[in-house]
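These are the structures in question, set out in turn.
Both of the next two complexes hold subunit A, though its partner changes from subunit B to subunit C.
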Partner chain A sequence: MGPFVLRRLLDSLPVILLALMIIFAGLRLAPGDPAEMLAGPDPSSATIAAIREAMGLDRSIPAQFILWLRAALSGDLGLSLVNGLPVSELVGDRIGPTVELAIAGLFLSLVIGLTTGLAAGLRPGSLTDRLVSTFASLGLATPKFWSGILLIIVFGLNMRWFPVAGRTGFSDGVFEAVRSLALPALTLAIGNAPIIARFLRNSIIEARKSDHVLTAMSKGLPMRLVVRDYVLRNSLIPVVTAAGIILGNLVGGTALVEIVFSWPGLGSLLINAIGNRDYSVVQGVMVVVVAGFLLSSILVDILYGVLDPRIRQVNHG
Partner chain B sequence: MAEATNADDYATEIRPKADWLLRLACMFLLVCFLLAVFAHILPLYGYSTMGPARLAAPSSAHLFGTDQFGRDILARVVFGIRTSLWVAAIGVATSTAIGMPMGLMAGLLGGATEAVFMRILDALLAFPALLLAIGISAVLGSGATSAALALGIVGVPQMARIVRGAVLAEKSNQYVDAARAIGVSNGMIMLRHILPNVAAPAIVQAALYFSVAILTEASLSFLGLGVQVPLPSLGSMLYEARQFMSLAPWYAIVPGTAITLLVLAMNMLADALRDRLDPIQ
Partner chain C sequence: MTNQEKKDAKTSRQQKGQMMPNIWSRRLIRDIVLALTFLACGAGVSGLRAAELIISQGVDPIGFDPARFATGNHVFLHQLYDTLITLDAQGNPQPALAESWQRSSDGLTVTFRLREARFHTGRSITADDVVFTIERYKTERVGANLLPRMRTITAARAIDPRTVRFTLTDLTPGLFDLLGAVFIQNRDVVDGMNRMDAGSGPYLLREWRPGVQFVMERFAQHWRNDRTMLDRITVRIIPDEAAAAAALQTGGVDLVLQSGAIAEQQLRGVAGIRIERPQSSPRSYYLMLNTSRPPLNNQLVRQVISRAIDRKRIAEIVYRNHGTATCQPWSASHWAHTPALENTCAFNPDEARRLLRSSGVAPFSISVNTAVDAYSPGSVETAQILKEDLAKIGITLEIRTFDQARARTLLLASDFDMLLHVYTEGGNDPQLVVPSGFYGPGGRAKYSTPEYVALVASAGQTIDISERRKIYGRIASSVIDAAFIMPIVHEFPSYPMRQPLAGFRVDNSGFPILWGVTGGRK
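For the complex of A and B:
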């Protein structure tokens, strides 16, 4: 297992480096001069030159990239162009709420996706299967910001079951925290549970046709046991693939959901920073989100290897 | 496609989409397309014409009600559909124009070209799609053109990978070896022999990406990064409607339904195309 993990990490290094280059180049291409923005209103040319030198902007582009990369790796993401605060601090404050939302979204997606996928896969062609399929198509086609708005109208404004905006931290009471998390997480799940459900349904149908399941059924094992021990175990591997796919959706989706529910996470920080042309914050958020996304993709791959020994073998060879 | 006789057979084949549903989806897309093309000559209010009735409920004068400036929501949705289809179409065209040659060259030439192209695509795939679109729009500035370009770039990796995969499968066929043996150049092999055979998966990918592009354009506009005022877009209408959820719920329901139906219909069309053109996938 050790060499497999190491190999997967080494494989992703060039991709991470290229992704960081793209983010760095993006900031260079963005309109406006960061030194002028940091210098405040009516700066003298000497002030701007001094800031340029301090930021390393007077050096060559490759030198600037290495300088930036070295700082970023040590946790220094520069200063906000708008309020001069360290970007790592601004980003650090927002990571918690976003991770909380993404994990809750993933959890709900898995719960809804697994139960509906199982129900549909065990009785293909039935009314349940058709209903699941219809709702899955609808869920995939609905924009997250719209399902969020609809949930607010129904469960927030009309029924008053859940707060319509904002986040309550877990330190202020678990019940209230879960209540504030419920609608945003459900919004994420509406778009992502269908992916899990479809993968599970199809893999259950495949697994039920395989020889070992047919043998188990022909020797008279109760259906419940066949499903639990023979069908489900093999059908769960594609679900890990589906979870890998929805990771990217979750990361992008949180940005939209955070705006709808005024959730104080990285997504709302990013959108505000774009509005203020605060490109160093934009860059900082991008670095953190892409790093998080890549790390979780690697985790999914490792989980894949844990569940299916054949994948480890292939990677050894 | 014939209906299967029992439940298990039914499930094992690609589920046949009910034909009438597919026809309905195609008709809906056709109506949207016609609305988009002829929006300016239809007997509608102007999309930025303000009226005295603000946040008015649906009535015979305003079929879908009015917004906070008294503008007709029907007119804005029709022009919003036009924006959505237009931006998504340019996005899909751009991603095909860049991704297809990349995939063709990577698959056919192999070696260093393939290695370099694939690393670039991997790096683009390291960004969650919506985040990449947001980042590109941030750099290019908001507006329809930059949104379309962002959609174009975001779609490149998928298109290039699918075309490369199809080329690799096609390249190993004997007729390509034969062409090469009689001295046909790489460019000619690509144009005359391989391109016609990878067209089907590319068309299917373009159709699938069209619905993703509609959703992403709406998301960018919702975040204020897409089409700018006074031009209406379904996404930006929803952003504005958000503030009037309790006063005028129809304001959010109409554009949201329009996006969902557009994406749903496009997904159905793409699935049907895939079943017919590309049975291997």
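For the complex of A and C:
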């Protein structure tokens, strides 16, 4: 397992480097200028030039990239162009809340998705299956910001069960932390659980038609055992793939939910930084997001091996 | 010491010892009474003073440098920093860090006498700090929002530790409005303003968690501390407007800054919440025309567009009747406003058609730049109305929408046919608005004539208010006639707040003044 993970990590390095080069160049080639954003309503070209120089943006793009990469390799992601704070500090403060939200969102998605997917897959064409399909379509079609606002109005504003905005850390009390996490995690689950449910349903339907399951059933094994040992285990492989992609997306893709719930994560930091053309912060966040994607992909590969020994042999071979 | 002296001393100690219980008990009683009185007074004071105010705003501050007027910075400016003077509701200068001032007979130098006051670090404020601040605002790389206006102060000189003298390029009638937004900084700690304040204001920065909140606490050594009502101000970052309104409804916050139509609709009529609109700092929405591009280099064509805009409809639909349709740069509450001019740009499609025929220009196509709401609120909706209005007279309008960074690049480069945008300086002295990229000769619209240059220059040559009112009336009339920039709507921003709050003010630039707020949470 160790050499496999190490090899996958080493394989990821060129991907990270390439992604960063594209992001670095893309940001600077995109319209807009951080110096202009800071220079007040009526700046002269001299003022803008002076600010650009102070930010180090007067150098060529390759020179800027080499300087940045050299510093980044030693753990220094630079300073925010807008507020002058160390990017590693800004990003570091946001990783915890984002990971917390991503894990909670994935957990709820799995709980809802696996339960409903299993129920629908075991009784295809039934009322349960049709209901699951309908709600899955609704969940997929609903924009996350809209479902978030709806949850705020119902459970935050009217029922007052949950806070409407902000995050409480676990160090300030588990109960309050879970309360503040509940609605944003549920919002993410509304969008992601249907994906898992659909994958699992279709996978179960396929698995039930396979020879080994039919053999097990013909041998008279109890249905509960057949489902647990023969159907579900094989059906989980596509679900793990979906969950891995969802987790990767959640690391950098929760921006709208973070904004709606005032959740101080990487997504909202990224959106603000893009708006202000704060190149250093965007780069810093993207390092984490790309790494998050790659790590979740490695995690999926490991889980494949756990679920199916044949895959493990290929990976280790 | 002789034996007798020792005896006397012993006797004295014995006498004191005998008296001790009485003295101690009397002192004890006195101290208890004093302590109780103090506590009672304290309770009375804290009963009068609100302990805390929790505010929500949509964006983080970009550090605590008061030279930068980013939206997220507005809330701390008057709290963490002091200015030399402040302006009262009538726009008259009032003493702040400067306890008095005097203009020279030629009006070109102004000498300020500073009061005894301290920075948050504990150091006394001196004239050198004022000089440092003025120089810093004029340094290009600092990027101070006021930089173009600060050039009117050619020199700042410390006469003695408590006297500072400014030399001006001209009479600078808007000097006090300018100084009302120049926040004095502690030269020892300005390099740390990305994390802490460098001010002397009624509050000091206690905590900042980017993306979450920042906390300001009362500065007990402030020169006006006896009038500071709140002990603590917490500013929570709530980016979504609907969530901010919900937080106000559920008691999570007391006041919402940067609120818009969504929050207002959500909060209208909700028990315990009211919406204030201080009439000091309007957002002025305008259409700017690039006069260097044909056919907009033709004044008649520009007038066609001016007469084809249904300003009232825009005020009603886009700004939900919270704005007032206008022709001139200043709102009706401003002293420079000329009521008679408001009829000169009334919506008149027939007149627009007639003017287009007179211009000899065939019906044409043109584009208008708009931007996302965060940068230019309502610009896209306004453009849609404009498109309909212009289509009626045969002009085809293409609406181009950009994110704020791109929109700003195009604005600064004058790379547009027409653009819809907003300025927020209209509550100040017109001297801060007219010689600028908006209305100034050779500004972003590329408009300039010798007459207009002379007219704008004449506004800087007098400080007589009645004379200035006439001059700005003529400038507004010229702006309407030349139609290179068309003010459309003046709107006073709304501030939803909990019912008990009172004393909330914003200055002429829209920066909140919170030290006098009462009714916060205990």
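Basically, the second predicted complex is superposed on the first by the 254 of 317 C-alpha atoms of A that agree within 3 Å, B and C clash if a C-alpha of one lies under 4 Å from a C-alpha of the other, contacts with A are read in each partner's own complex, and residues count from 1 in each chain.
Going forward, contacts are C-beta pairs under 8 Å (C-beta built on N, C-alpha and C of every residue); 3 or more make two chains touch, one makes a residue touch a chain.
All values reported here derive from a predicted model rather than from experimental measurement.
In the superposed pair of complexes, A:160 makes contact with subunit C only, with no contact to subunit B.
In the superposition on chain A, contact is made by A:259 with both subunit B and subunit C.
Shared-chain residue A:38: touches subunit C; no touch with subunit B. Of the two partner chains, subunit B is the only one that A:146 touches; subunit C does not reach it. After overlaying the two complexes on the shared chain, residue contacts for A:210 are found with neither subunit B nor subunit C.
Contacts of A:134 after superposition on the shared chain: neither subunit B nor subunit C is touched.
Residues 31, 145, 149, 152-153, 157, 259-260, 275 of subunit A touch subunit B in one complex and subunit C in the other. Of all residues in subunit C, only 56, 59-63, 68-70, 140-141, 143-148, 194-195, 209-212, 236-240, 242-244, 246-247, 249-250, 252, 374, 402-406, 408-409, 412, 423, 425, 436-438 touch subunit A in the complex they form.
For subunit A in complex with subunit B, the touching residues are 14-16, 18-19, 21-23, 26, 29-31, 123-126, 129, 133, 137-138, 140-146, 149-150, 152-153, 157, 205, 208-209, 247-249, 251-253, 255-256, 259-260, 270-271, 274-275, 279, 282, 286, 289-290, 293-294. Residue ranges of subunit A in contact with subunit C, taken from their complex: 31-33, 35-44, 46-51, 53-54, 82-85, 90, 93-94, 145, 149, 152-153, 156-157, 160, 163-167, 259-262, 264, 268-269, 272, 275-277.
In the complex of the two chains, the subunit B residues touching subunit A come out as 4, 7-8, 10-12, 15, 119-120, 122-124, 126-131, 134-139, 141, 211, 215, 218-219, 222-225, 235, 238-239, 241-242, 245-246, 249, 252-253, 256, 259-261, 263-264, 267-268.
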